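In the two complexes that follow, chain A is the common piece, with chain B as its partner first and chain C second.
Showing the complex of A and B:
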């Protein structure tokens, strides 16, 4: 591949915009993982379901993609708490491996239900935003990605503010630090967990609506985004919001700059390489000083 | 206790007899189901040595399956080397990989979900490397050239030949797995799983035994990969290195009963026929049916019988025994 400064600049812009979305997808996982110490291996599949909801609202219902947030976020909140109550709550105290296997099972169910209902086709929603591109000097900026970036940053910021400043948010953080102590000071840990899981899922609803103008959906789309979310959460440090943002940008840049420098899809190997190195040498992530 | 043992050896003899004679009276379709049961039982037994005995749950064992499948197929298709030899080359390479992965992860103390994540990442990285390596077929993958009915090339007319190959492999794996668990090495693995710090304090070289389990498990899995390639005559990066095979490798061990000799076998024996038959009945109209079934069973097992089928059996047996003892006392 011929190297040119324009190409690199283009890759940088795309990488930053992509990184924003990666960060939003990851904060939900980070919240659930950080609060409940459960790695939800069905995280990507929650996103996939949300993308189908958004897709059908846009294509069949004629909705504006960004208005679908009004449906996707509450729908994912409900799906999240429903799944939490029926399957995840009963195994909260089980060995971590059982939790992993249970959520892997959930991901298989969701993936294959999607295959049954929506078939294996790759669907793209062609919206007015999809063609909203403009030139910034020598590089093309995709309007839909810019909006997604801004929306992701805003959503992540709102979530952060909610966790830091509100009474409920403080309760969630207290429960994540010490389950027993939180109970002692009168926090209803059960409800806190339920809420955290619902919010973590709802953030994927927002992400799905933001992505639908420029990203395809398919039953297996969750696989890739799920993996990206684990990478970002581990790299940024478990439970750390600023960490997830920075890590999202790093991975977004790795993917897009890597794709412009390496042949084929080898950039993905780079992403997993970073992941493995971080897991081995700094599993607490770049921002998670204390926890492991 | 005694009569129970006798019963189980009779049961074992009957199962072995049925397994040995199946191709003599069953049609091709049922032999195929037999092959699938044995193949997944074999893979689950291989996974169980690291995942069940040592308690280190790899979610990326397809890495080793893929190494086995690609090595033997490449050697066979490009250089004409028989898979009977190629499988051992693949096994050796996978063993080296198992050493590398195991040493790297366990040396840095990775456990639980973190170990699982590294194994997924490695297998996924392998998918992308294989996809971009044109020398081994890239995204298209490799076909196993058909040389006619050539047992010396691990190719047979009909499914009966394959059936006996995987039967021998499975029996050998079960024997090896039984042998391991009855030896000092097996006890050390179980000790690591139950309480690593305590094992270390008692003088078990935990890093060493975990890495050894990783090597053995990887090698066995790679041999299964060669069989997979020969049986289906086609491999591509996703169907040997992907997440799908990784999950199918461990599924039956989890459902049957983790860390027991027979759990993986029982899991495959119970579930694979149901899945294969449902796949046959529902066919193309419902292509994810068997995976949907697997996912549902996995969730139900985790919720209601986390020790799998064998664990449940043991529990029931224990209860009956306790009751009998009580009534004897009374």
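Showing the complex of A and C:
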């Protein structure tokens, strides 16, 4: 492949835009880990379901893709708390191996149910935003990715504001810092878990609606994003909100630069290479200073 | 106010509390004296609802606490200053205090209680934007007490508030406890500083291996030969 500055610039722009979406997807996983110390390996599959909801609303229902957030976010909130109550809550105190088995099992079930109901076809929604591209100097900016980036930034900001400034947000943080102390000041810790899981899932609803104009949907689309979210959260520091944002951008850039500089299947080597190098020198992640 | 009858708490097969009965009246300071492992923290955590007893009764103003969950018990005005402080380490001093008045019954009093806490511990006001984990040990203890005061408590349970602190800070913490008593709070005090806590107590219980072995007024327990030998080293 011939290297050119334009190509690199293009990769950087795309990488930043993609990184915003990665960050939003990861923030939910990070929140869930931070509050209840569970890694939800079905996180990507929650996103996959949200993408199918958005896809069908757009293609069959004729909805504007961004309006589908009104459905996908509440739907994912409900699906999240339903799955939490029925499967995850009973094993909250179990050894982490059991919890991993459960959420990995959930992800397999959800993938295969999606295969049954939606078939294995790769679906792309062709919306008006899909072709909304423009030139910025020598670089093509995809309008839909720019909107997704802005939407992700806004959602992450709102989530951050909620956690920092509202009574309920503070209670979620308090419960994540010290469960007993939270109970002692009158916080219903069980409800904060439920809420955190619901919010972490709802953020995937928003992400799915933002992605539908430029990304395909398939039963296994969650595998890639689940893995990316896991890498981003660990890289940023487990449970760290700013960490997830920064690491999301880093991984977005790496993926995109890697894809333009390295031949196809090697591209991902760069992502996991950086992941391994950071963990070697700062195993608690970039922002994971005080995690125990 | 608080009535405990025949309480038995177990960790697995090990009985941490056996047949413990005690009562605390409105406005009293009541001390629980005992060696490490005698069951003092277990007792406090059982009252707070963090631990569930095997048998026995706990009632507060006639309400059965064993039917309630921990967060509801806290919301009734039963506050704990826990052993090891249990602060929200990555939250600021101010946020920790806000969390104290999280419950619906404390929230309307938030501003008033905040002023009271800042008056008791002016250093907390000076440090209100600092993260709790960056405070010194004494300041952390003050914050733990302040957070409990924010709960508008009726009963405040102190678990080893002076542990690991410099003598001067220990004195100021005892002064604060006396001021809280003067303000009408009911106080349950677990303290390694046995002599001083008995001196300010209206009533005291001595726990040994999970049982109440001696009880009486603070002065009586202070004068008891067994207490003197075992806990005061006289």
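Basically, the second predicted complex is superposed on the first by the 286 of 292 C-alpha atoms of A that agree within 3 Å, B and C clash if a C-alpha of one lies under 4 Å from a C-alpha of the other, contacts with A are read in each partner's own complex, and residues count from 1 in each chain.
Following the convention adopted for this analysis, a residue touches a chain if its C-beta (ideal position, glycine included) is under 8 Å from a C-beta of that chain, and two chains touch if they have at least 3 such contacts.
Because the structure is a prediction, the values reported are computed rather than measured.
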* Asked: Does the superposition put A:235 against chain B (first), chain C (second), both, or neither?
  -> neither
* To do: Examine A:35 and indicate which partner it touches, taking first as chain B and second as chain C; both and neither are also allowed.
  => neither
* Asked: Does the superposition put A:100 against chain B (first), chain C (second), both, or neither?
  -> first
* Is A:51 touching the first partner chain B, the second partner chain C, both, or neither of them? -> neither
* To do: Name the contact category of A:91: first (chain B only), second (chain C only), both, or neither.
  => first
* **Of chain C and chain B, partner touching more chain A residues** => B
* Asked: Hey, what residues of chain A end up touching chain B and chain C alike?
  -> none
* Would you mind writing out the residues of chain A in touch with chain C in their complex? => 167, 170-171, 173-174, 177-178, 180-189, 290
* Asked: Of all residues in chain A, which touch chain B in the complex?
  -> 39, 87, 90-91, 94, 96-102, 104-109, 111-113, 115-116, 120, 219, 223, 227, 230-231, 234, 263-266, 268-269, 272-273, 275-276, 279-281, 283
* Partner chain A, residues of chain B touching it in the complex -> 55, 57, 59, 104-105, 108, 110, 112-114, 116-118, 120-122, 124-125, 128-129, 131-132, 243, 247, 254, 286-289, 291-292, 294-299, 302-303, 306
* Asked: Mind pulling up the chain C residues that touch chain A in the complex?
  -> 48-50, 69-72, 74-75, 79-80, 82, 86-91, 95, 98-100, 102-103, 106, 133, 147, 151
